[in-house]
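Paired with chain B in one complex and with chain C in the other, chain A is shared by the two complexes that follow.
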Partner chain A sequence: MKEEQGERDVIIETVARVMIPFIQLFALYVIIHGAGGPGGGFQGGVVFASGFILYIIAFNLAGGRKRFPESANTILSSVGLYIYAGIGLLAILFSFGAAQYLNYGFIPFTSHFEENRALGMDFVEMGIGITVMAIIASIFFDLAEKDEKQKEGEDG
Partner chain B sequence: MILSIDLILLFFVVLIAVAAITLRDLLSAVILLGAYSFLMALIWVELQSVDVGFTEAAVGAGATTAFLIAAVSRTTRWEKKK
Partner chain C sequence: MRGLRLITLILIILLCGLFAYVAEDIPVFGDPDAPAIKSVELFTMKGAEGVSLLNRQIVPGPLSGELVRRGFPRPSRVEKAAGREGEWNGFIKKEEPRYAAEEKYYRIEREGDDLRVSRYAFVVRWMEKGLEETAVPNMVTYGLADYRGYDTLGETTVIFTAGVSVILLLRRRSRL
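Right, the complex of A and B next:
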């Protein structure tokens, strides 16, 4: 969290620039493989948000805020929830009154029941991952950012 | 599950926990809590619970350490003497 633009460390910036794409690719891998192995939406979302946190620590807070603005934060955190709940409601609709909430096999993505279930699980994991990523980044921004009042009053 | 590795890891976990609550430097305490979470993740993996260990490593050692460092940077680094 360097406040001043003047002090820059070449090693930290280069390592962060090389590491961040791999961290986020690994997060996507964790989200997609959550159904069959260790991991899942929550862990993948946390790892994805760690990429943002590494960017903010290595560069600065204002640049991180520009790349991940508050409006995107709000939209993403609710979009993930809507994906999660929407898949469940679709399962209720397509099970024709049997009220199979979050029983993804009934959603006709493909013609096979088991394939539908695997696809529905993947979509739900993606929703969880999006929400967790947005919320973790939001918590970090709220903790690290200073409001205008505090900027005048205190130092550091 | 290997008993000697378990005992070594648990010994270090207890040592780090005691050190983290006795230190006056809050930044060092935060870093020690990160090490604590990492050792706990190793213990979970050693107990054949890879999913819990992965969560502990991602949340405990990664996100929580960053949150606590942000909180320390907003408040004060040294604990007051009583």
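Right, the complex of A and C next:
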């Protein structure tokens, strides 16, 4: 605990505090605008997870875990994949088996076939973004936890 | 041990030599003056008598026969390429298992007295029809999430599996 106090840096903490909301907002922008501009689910998910990584580097691991708990992490990492697979399945359900899996045009979001495809793609990108974000954060948490445990073992 | 190292060194030198030999034939990448690869040349036909037929939107018999002889689908109709003289687009008809609609397939060019026949690359269809079919302006996104949707689903699964593997390897606790 004493060591942790000594390692704190006001500049890094302040910059991180200001930057993290903007990084995560930008990540949401990248995911949502994947269809219209450069970006997409994979990129946006990684940018979102980098917000958590910056928090852990600037503050500490326990605080990061409190803001993004393990249970939420586990659920989100599979929810994204379920959204993707579910959108694909909806196409079959709404067309009573006439359309192929992942043929978004048959999901009746709007009355236009092409716009249904665009919207289906948006939802799929969101699913990808959620999974990638949760998995990148999970891998980083696991590696950081192991590192911290090793450090404790060396000290004690 | 020493002998093994020597053998490894010799193998590396041999591989480097092989690479240098092969690399000579690799074309320069990123040449800004190179034309875009939008079509693949198939063959050149002698005789310009087909031109008048092509101008009347009729597929010349010898051209059609030559394409079929080479194992390509028979062109159903030809059309003048918009705004270009001496250039035609060949279409093939709808064929349910492979093409859901009529496809632009061949490009026929007049070169002096010859007709040069080439096949459009798939990327041309991808660029021309993507926005129309999916209402998404980003070429990468409609490729990634729509035309190649299965591929991306698999990629996401791979990322998920990677995360689960890291959890299994690093999170050695009683409760998972």
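Everything that follows uses one rule, which is that the second predicted complex is superposed on the first by the 139 of 156 C-alpha atoms of A that agree within 3 Å, B and C clash if a C-alpha of one lies under 4 Å from a C-alpha of the other, contacts with A are read in each partner's own complex, and residues count from 1 in each chain.
Going forward, contacts are C-beta pairs under 8 Å (C-beta built on N, C-alpha and C of every residue); 3 or more make two chains touch, one makes a residue touch a chain.
Everything numeric here is computed off the predicted structure, so don't read it as measured data.
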Which superposed partner A:Val47 touches (first chain B, second chain C, both, neither): first
Which superposed partner A:Ala144 touches (first chain B, second chain C, both, neither): first
First (chain B), second (chain C), both or neither touched by A:Arg117: second
Which of chain B and chain C A:Glu125 touches, first, second, both or neither: second
Chain B versus chain C as contact partner of A:Pro38, first or second or both or neither: both
Touched partner set for A:Phe68, first chain B, second chain C, both or neither: neither
Partner chain in contact with A:Phe59 - chain B first, chain C second, else both or neither: neither
Which partner, chain B or chain C, touches more chain A residues: C
Contacts on chain A seen with chain B and repeated with chain C across the two complexes: 38, 40, 42, 139, 143, 146
Chain A residues touching chain C - in the complex, by the definition given at the top: 34-38, 40-42, 77-78, 80-81, 84-85, 88, 101-102, 104, 112, 114-115, 117-118, 120-121, 124-125, 127-128, 131-132, 134-135, 138-139, 142-143, 145-146
Touching residues (chain side chain B, partner chain A) in the complex: 50-51, 53-55, 58-59, 62-63, 66-67, 70-71, 73-74
Residue ranges of chain A touching chain B (in the complex, touch as defined): 1, 30, 38-40, 42-43, 46-47, 49-50, 53, 57, 136, 139-140, 143-144, 146, 156
Complex contacts: residues of chain C adjacent to chain A: 132-138, 140-142, 144-146, 149-150, 152-153, 155-157, 159-160, 162-163, 166-167, 170-171
